[in-house]
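You will see two complexes here that share subunit A, one where it goes with subunit B and one where it goes with subunit C.
Up next is the complex of A and B:
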């Protein structure tokens, strides 16, 4: 089982997001970058799939990403500490916030000769939220794609995947390998990689450095980016708890929430 | 304690009338001679596995005198002590996967009394490190590790908001980066004083006191990261080293004469651990630093605080670093305060349960003990009729306040010495 996990780094959402002076994009240089959370799940699901495939000798998980920050190595070392077998980065003139079209093309070019059985990536990322990297890699490689997946069980050239739909509807697909999967959540929470282990690995780890081609661009331009403007505000009720409680009950009745 | 755990085969003790050992007849009416002492029935590999770790050696030195059992704060609320750990391990319990591994708070009271210098402060982190590497780590502790690695603080708060508390201080709190000049005192605020609401109360009080004393100080603001010492003691040495390297690099960017810290854990880290990684500066816990300024501080303490106050010695200020007097001198300087000592004080001070990672093992420890250490401690404070339990460690305020509520001692106020000084100063 040869599993390839494309990942990307995105701005840390726990930080204050800054807009650049043109008002067209985030001020990427002022932001701290972290691994996309959905990609953390993709790594976990890949490692779990490898572990359950029972084919340890011939199974491998390769984690690959476009180095847009110059800091991808530490993310790749973490992936190795979590159970990945190989890691690679695509280098070139790719600044922070490189669009998903470019990243998908670079990754597809890099992995087309790696003969993957499954390509597992995060279903979306919190930066552009377009959820297109998975489908675009699949299109470039001519492979089937299933997104919003919460578990993968691969066996004998086929995989059974669980997909989530809106409204709590679930579906099970049987797909012939090779395929591309967009992971919504691993069927177990992503494991913790102790920093002690990551630091040990960082001393000896080999990161394959692949030089990337030209950016293809997303074909769209952002004209204006701005912070959300609040449209209303909460009403605060002070005073005697019993009276406030009455008011709350009254409001719930009025809204038809209490029958 | 429970005996017969994981026994390989039932031991049979035979008392002999005559016994020859290595060719020598040692028979005699003064000797009771046993064949097959019970310990030989057990597999000691588990003990050897601990003793083989760098830092784990001293577990093998235990001769079972049980002096530690008498002083271990965890044994008072459970069935636990270094001697018991040694005995269980000797009998085949695997410490690496046992819940016992996570109950030690590294309070150091055992080492204080141990005639054999069995050092749990080294043993526990060594064994925990292996357990962490193998993925055996309680979920809540793992969350604290992850948050520290991701955000630079174990509370999981954004790094960018680390200095937001200064807006509430009501006095200027200069960020050293903005000052663009050397300062006398670099004040390392710490994670809990920066983010926890009750910690912010203490940090704000400190800022007002420093201002009133005319101290030339600065803080690191958003460049400051957790010291990582408790994470080290909880088994994440790599995380500690990463934070230490980052912090040392940050300290190196600025010129200051001395560092003052709010918390004893940071004090321990910077005084005893960071120098091993190349740090070179003088560090003071705020209590000792303020005692230095007592002549100037005393006239400012105008308002009497007419309360009975007892003081809880933080393990990492007292036993670990020998400071018992400074906090008491500050309390005595506040007019009106009647200082009462609890039975367990100074060298034999009880532990709040927050050290050595205990801060992030609250639910786990609760499952394996009859009550929290903090709950035992507030009961003791209440028994002595104290109105206020005074503390000077940022872990303690929230721990003891929660414990006061959960044990029905709501009347007991928990205050940092900084808050008491500030109250008296503000009149």
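Up next is the complex of A and C:
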């Protein structure tokens, strides 16, 4: 089972997001980048799928991404520590926050000759203003795509995948391989790789360096980026936890919900 | 290039999803300004009456047993052909589980721009301006497509359900069945079955109070704290997605887009950032109280009351007070 996992680094959303001086983009240089959390799930699901498919000879999980931060190596080393077999980065003049259309095209070009059985992306990323890369890669490669997937079981040129709808309803599909799936959640929580192991791997890891072509662009122009002005905002309670607890109890009592 | 707005209507289990009506309502407004028509397209099997319930200016439907259930491949290919044929100005697709499989695929295959996560659409002069909600709800981006025509994927709840509820939409004058624009017998994606959710030990949609926890809970060892609070209140613990993904709570406790929609009298959101996918499932609660160490967390925009203390300090304090 030859599985390719395209990944994407995105700003860490727990940081304060600052907008640049002309108000059309984030101030990307001020941000820490992390791996998109759904990609963590995609890596896990890929490793699980490879393990359960069992044809050790041809089996490999390759993790690949566009190096928009100059820091992709460490993410790739982490992927190796989590069970990936090979890693590759696409280099070129691709700034932080490079659009999805460009990243998808670069990845599709890089993997089209790798003859994957399954391409597993994360279902979406928080910065996907121009859409998700998974379906775009599928369209470039002429492969079927199923997204919002929570489990993949592949065997004999076919895969059974579960796709989530609202309200916990799921659909089961059988897909003829090769295919692209967008992973929402691996069927078990992503494994943890100890920092010591990642450091060890970093010493000897070989990262394939692929030089990328030209950006294709998102097809649209952001003229203004801003923090949402919400219609309302919570009335904030100051005070220590005991005081806040007192306020909450008051509210519950007011609603007549405290016996 | 035409001036029509094409809307992909979604349905599941014999019911048209609200997002379809929301988009149709908006499409009619846009179409009027562009001087075109709002055209809905619906694919299914035995769906004439569903097609007739749509309030677009006109409705196209494809009726084929192969489309009895959503199929990402069939939908994408059929829609690509219809877009090529009709050259609409704007194509509206839900930013839903179904729509997400279709939109970005179409963008590449039709070479039209896609603007995703859209919660605002306006026309200035003859230019479409689409506003996307990105970075977990923390940022809005106003964008203009290059060229005249584009695809937009719209967030659920962004537009009113056609001036109220579905039945308030006046059914379309013209409902036309069309043959599937693509062959449906050689699909690589085959629908097998729907899997309904298991019934859980508690039904979180029926609780007057929910103690709802997010990633701020820190670790599995702290789940018990939340359980104790809930039992002191005589209610249940619900959560955001990462908590059920980690297996710390059963899937039946998940609130949000891919979980359940809840409307309790009081929703205590503890350590939940307020991502759009979470808000979708709880913004209808009567009273929302949020506790989050990040004063800028989007949850505070929908909460009625909030505090920035550490939930791990707050929960024991609250449990204590309630036990009295």
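What we mean here is this: the second predicted complex is superposed on the first by the 228 of 259 C-alpha atoms of A that agree within 3 Å, B and C clash if a C-alpha of one lies under 4 Å from a C-alpha of the other, contacts with A are read in each partner's own complex, and residues count from 1 in each chain.
Following the convention adopted for this analysis, contacts are C-beta pairs under 8 Å (C-beta built on N, C-alpha and C of every residue); 3 or more make two chains touch, one makes a residue touch a chain.
Remember, predicted model here, so these are calculated numbers, not experimental data.
Peer 1: Once the two complexes are aligned on chain A, which partner has more residues of subunit A within touching range, subunit B or subunit C?
Peer 2: When the residues of subunit A touched by each partner are counted, C comes out ahead.
Peer 1: Answer with first, second, both or neither: which of subunit B and subunit C does A:14 touch in the superposed model?
Peer 2: In the superposition, A:14 contacts both subunit B and subunit C.
Peer 1: One more residue to check, A:116. First (subunit B), second (subunit C), both or neither?
Peer 2: neither
Peer 1: Please work out whether A:146 is in contact with subunit B alone, subunit C alone, both, or neither, and reply first, second, both or neither.
Peer 2: So A:146 only meets subunit C here.
Peer 1: Regarding the shared-chain residue A:220, is it in contact with subunit B (first), subunit C (second), both, or neither?
Peer 2: Touch status of A:220: second partner only.
Peer 1: Give me the intersection of subunit A's contacts with subunit B and its contacts with subunit C, in residue numbers.
Peer 2: Common interface on subunit A, subunit B vs subunit C: 14, 16.
Peer 1: Can you check the complex and tell me which residues of subunit C touch subunit A?
Peer 2: On the subunit C side, the touching residues are 12-13, 69-73, 76, 96-98, 100-109, 112-117, 129-130, 132-147, 150, 153, 187-197, 208-209, 233-234, 241, 245-247, 251-252, 254, 257-261, 265-266, 268, 273, 286-291, 294-296, 298, 300-310, 313-314, 317-318, 320-322.
Peer 1: Can you check the complex and tell me which residues of subunit A touch subunit C?
Peer 2: Answer in residue numbers: 11, 13-14, 16-17, 19, 26, 41, 100-101, 104, 123-124, 126-136, 138-140, 143-148, 160, 162-176, 179, 182, 184-185, 188-189, 217-228, 230-242, 244-249, 251-252, 255, 257-259.
Peer 1: Can you list the subunit A residues touching subunit B in their complex?
Peer 2: Spelled out, the residues of subunit A in touch with subunit B are 14-16, 32, 34, 191-192, 194-200.
Peer 1: If we count contacts the way the header does, which residues on subunit B are in touch with subunit A in the complex?
Peer 2: 129, 132-133, 135, 137, 142, 145-146, 149-151, 157-160, 236-239, 241-242
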